[in-house]
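Encoded as structure tokens, here's the structure I'll be asking about.
Just so it is clear, A, B, C, D, E and F label the chains in written order, and each chain counts residues from 1 on its own.
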Amino acid sequence: MEKKKEAGLRPARQDEAERVMALDLPPAPLSDAMKAYFAKCEEKIGFVPNVLKAYAHDSAKLEAFVAFYNDLMLAPSGLSKLEREMIAVAVSSRNRCYYCLVAHGAAVRTLAQDPVLGELMAMNHRAAALEPRHRAMLDFAVKLTEASSTIEEEDREALRRVGFSDRDIWDVAAVASFFNMSNRMASAVDMRPNREYHGEGR
Amino acid sequence: MEKKKEAGLRPARQDEAERVMALDLPPAPLSDAMKAYFAKCEEKIGFVPNVLKAYAHDSAKLEAFVAFYNDLMLAPSGLSKLEREMIAVAVSSRNRCYYCLVAHGAAVRTLAQDPVLGELMAMNHRAAALEPRHRAMLDFAVKLTEASSTIEEEDREALRRVGFSDRDIWDVAAVASFFNMSNRMASAVDMRPNREYHGEGR
Amino acid sequence: MEKKKEAGLRPARQDEAERVMALDLPPAPLSDAMKAYFAKCEEKIGFVPNVLKAYAHDSAKLEAFVAFYNDLMLAPSGLSKLEREMIAVAVSSRNRCYYCLVAHGAAVRTLAQDPVLGELMAMNHRAAALEPRHRAMLDFAVKLTEASSTIEEEDREALRRVGFSDRDIWDVAAVASFFNMSNRMASAVDMRPNREYHGEGR
Amino acid sequence: MEKKKEAGLRPARQDEAERVMALDLPPAPLSDAMKAYFAKCEEKIGFVPNVLKAYAHDSAKLEAFVAFYNDLMLAPSGLSKLEREMIAVAVSSRNRCYYCLVAHGAAVRTLAQDPVLGELMAMNHRAAALEPRHRAMLDFAVKLTEASSTIEEEDREALRRVGFSDRDIWDVAAVASFFNMSNRMASAVDMRPNREYHGEGR
Amino acid sequence: MEKKKEAGLRPARQDEAERVMALDLPPAPLSDAMKAYFAKCEEKIGFVPNVLKAYAHDSAKLEAFVAFYNDLMLAPSGLSKLEREMIAVAVSSRNRCYYCLVAHGAAVRTLAQDPVLGELMAMNHRAAALEPRHRAMLDFAVKLTEASSTIEEEDREALRRVGFSDRDIWDVAAVASFFNMSNRMASAVDMRPNREYHGEGR
Amino acid sequence: MEKKKEAGLRPARQDEAERVMALDLPPAPLSDAMKAYFAKCEEKIGFVPNVLKAYAHDSAKLEAFVAFYNDLMLAPSGLSKLEREMIAVAVSSRNRCYYCLVAHGAAVRTLAQDPVLGELMAMNHRAAALEPRHRAMLDFAVKLTEASSTIEEEDREALRRVGFSDRDIWDVAAVASFFNMSNRMASAVDMRPNREYHGEGR
């Protein structure tokens, strides 16, 4: 009864409904490779990430995106998978990209087995208790996000000073740059994260 | 064994240790009223929020803060408690205040019984599916946060058009303004949220 | 006669009319404490500051505001009252808050017996000839105003280096944070400064 | 005795000492025209504005500046002298130019015989009670100051709609543009305003 | 002789020397596909773009990049190749990416057979005389670059109103997003454009 | 035939038509001095720069502008003419002024006999290979453009450290400040560059 009396308006439940994005683009027939990839997603994580469903309106684009993404985030690198996800979330935080914060925040929580680290990356990486390596890596990624034209040799030197090789610097830059693309793509078409992400790694 | 081989450095667990803030200010003796208030916190939510422990270095400041805060967030108003918490989180998102995002994000999740709404307020309120009332309320709060000197009669009119009274506008403004104070206070002294908040309302 | 010929349009006199703010909120009956406080204002400075009249639509809010404000600006502190007013004006300058610049600019002029100091705080504190203590104090306050999420231990250390204790740092932060609230409240409701302020301390 | 006990440090009096600017550039011999002009300044306003003393290290530069300035601010125009000074102050406010705010703030106060109008132009023109003509004029000047590359035909149309001719638009633009130069010149060399300005028109 | 007397220092000739980027990453052996692709570049445009040489330190990354890029810029689309290059340059202008402005500025000049259009895209697209379709397309791309989290349905509607289909909107977004990645990658490693670009299409 | 099939819309040729600016201000009769000056322009560079035609609606304004400009850019100085043009272009790049980028970009290319230097100044001076003198000079000019109120003694010291005298600092500041005026004037009235500039110095 008291509820009824409360002032204000109750917000609708945020259902993350079936809609994948704001554009009306029906899925194209998947290539066999992509069919297999989607099946693998279902098997491994229980669902197909909506970003893949969004690209699936054009099978060539989907394949190119998946190849590019998997090389970036999963190929051998001087950066661990978790470090790459930390960059993804810190960059997505600057761009306030809802899709990527939800999906990659879940990845940080799960890979780190530390829900708090995921929150810190999404909210303000400067508030985290980080090793110099990670602080330098994230500072570079955030500067590249916010003021890329001011990056100079001194910024690369700062990464070398904490032990990153030139190849590692490429990878830091590549991940940070990619999420500046992906954040914008997601915002441009209002991509909606799969509901499953929210509970992962809590 | 594969773990050992992984590249990179594992980040330390983010422990949200006992430290309440970065300033070394020992707690002052609490007044009876504040003793009772702290006891009530322990009883109701299981812990004393660190913001209160931070203010507790000076009992007069603590009392003034508690009185101001409780009137703002709990007194009768045309805005529900949840609406006030939604403003708190949307403002804290613009200011990237880790303490307030964690503490008040938990409040939104709990009051709304909707973890997704909490994430949306913290990440990007524009990505949420909101009633016009809530969208206007949050747009005003965010504009007041980012460009307060450009607020004009038209901005107040936009609130009136979705049904807010002049008294309601005062309350929207007061909550948004308060968190512009509180976010800065928390960042200035590196206030750390109680670990309990992270799991609430998930 | 030449006047008549002049081109352009003469701006209306800026009367700072009786209107206290843009919201139509009639004053509530004052509590005895607040009646006494208003009487004391009339006696000491000759008028009741409009910010108090604005809060007077709700006596509980008025009392909470007055208690909070008086502790902040008048209680014993390692910062002098003038130093607290200098912070108030420098912060209000960044937020371009007309009400606070007028009211607290007057306070700086009067407390310092130096009208030029008031102008410098309102226009650009970097142009003033300041002791390292005051420069560091104002730089911290302005950074907290403009980019609070980037405040880190180094910023607190900069205050310690010029002699501020941790308790002083709390007070610098508290005053700067408060005016980030108060500036926004004043802008949100278009609070108008009492005309008397303009001539004070000239 | 109470004074001694007060906490904090008393700021030095802001003397606006004899120094004209931060560069060490001795005055060059004045041409006869400039000698006469300086004498006229002394006679009419009681002092030579420091901006002229700053340019006086090079007589050719001084003459070019004076000619340009006097045409801009004093030649016949569809804008009154006061309107041109209002633009000067509103632009200088955005650029936080101490010299120009002091010198031209005095001009607005004096020409308008309204000290409050001067404060409003220096603090936040949006808080002033202005005719549509003046609001449009200042909005254009401020936009030109802050985001000149986004000015388009619609911005010029907004001036035409409140009655400005194309020639008037030139003059609004010319005054706003000039103070974007003059503000920067003053800040670049830390030009100090003559003390006399502070009291004028109060 | 007069040259000798001139004041100042002559800047060194900007040689766009052989250095491809600031990272020391030796090229990896190319796959046959990439060998053929490089040969095709030499044949068609006379040189291998440095961006490809930069990625060539890792053949898998090079292949993924080339596949992604070629689908984006060359695959059938409702946008012409020139329109895609116009987006590339307008985005690169906001990010001040030297490599991309040079390389894609050349593409606009050549495809449009209009050197002035290339300059306008690189300098300020708002100064160009554009059809509503192109103005809307570039405004969307620039907003996505500068403030992606504020893109909403209304922004997509603005594209639909000038005739873009939902699939076209995807392509506008994809090109704009890609160059937000590519600009950052180029700035992160100080990629140097091939000298040949400068003279193309003049 | 393939052309017909291509998707998209071909942008109109950017003709830099005869229109000098967006304001309809007929030229006033030129003074003899200005007639001679226009004739000298035609003789020396083959055309009258449109900025002069724009000012020619008022002969007194034209004369004041020409005198001011010629002293600034051509009078003896510790800065070479090329150095002054480099400042002009770097400043115009920050303000995205199409007219000045085209006209003064041509001047840099021609004076330096290096088209690449012109591009670098227009696109991002940080990407150029510059002597410390030029880097410091341009950094000062750009800071003065973007954040003039934060210029302090340390910024002037940085210029002195690379060999600039106080008089040189005046000249750096004067050129940078002037183009902050000129960029805004050009944008305010949509000044169009003469077509001839585009090909100069390529």
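Side notes on the structure shown:
In this text, a residue touches a chain if its C-beta (ideal position, glycine included) is under 8 Å from a C-beta of that chain, and two chains touch if they have at least 3 such contacts.
What you are looking at is a predicted structure, and each value in this text was computed from that prediction instead of being measured.
Following the contact convention of this document, B, C, E, F is the list of chains adjacent to both chain A and chain D. Ranking C-D and B-E by contacting C-beta pairs places C-D first. Note: Cα superposition of chain E onto chain F, rotation of 180 degrees, nearest 5. Relative to chain E, the most remote chain by averaged C-alpha coordinates is C. Separation between the centroids of chain C and chain E, computed from CA atoms only, is 49 Å. Averaging C-alpha coordinates per chain places the centre of chain B 43 Å away from that of chain D. Of all residues in chain F, those that touch two or more other chains are 96-97, 124, 149, 152, 190.
Touching pairs of chains, sorted by label, consist of A-B, A-C, A-E, A-F, B-C, B-D, B-E, C-D, C-F, D-E, D-F, E-F.
On the side of chain F, the complex with chain E involves touching residues 6-16, 76-83, 86, 93, 96-98, 101-102, 112, 114-117, 119-120, 122-124, 127-131, 133-134, 190, 195, 198-199, 202. On the chain F side of its complex with chain D, the touching residues are 22-25, 57, 60-61, 63-65, 67-68, 71-72, 75, 95-97, 140, 144-145, 148-149, 151-153, 156, 166-167, 169-170, 172-174, 176-178, 180-185, 187-190.
The residues of chain E lying in touch with chain D in their complex are 124, 126. For chain D in complex with chain E, the touching residues are 149-150, 152.
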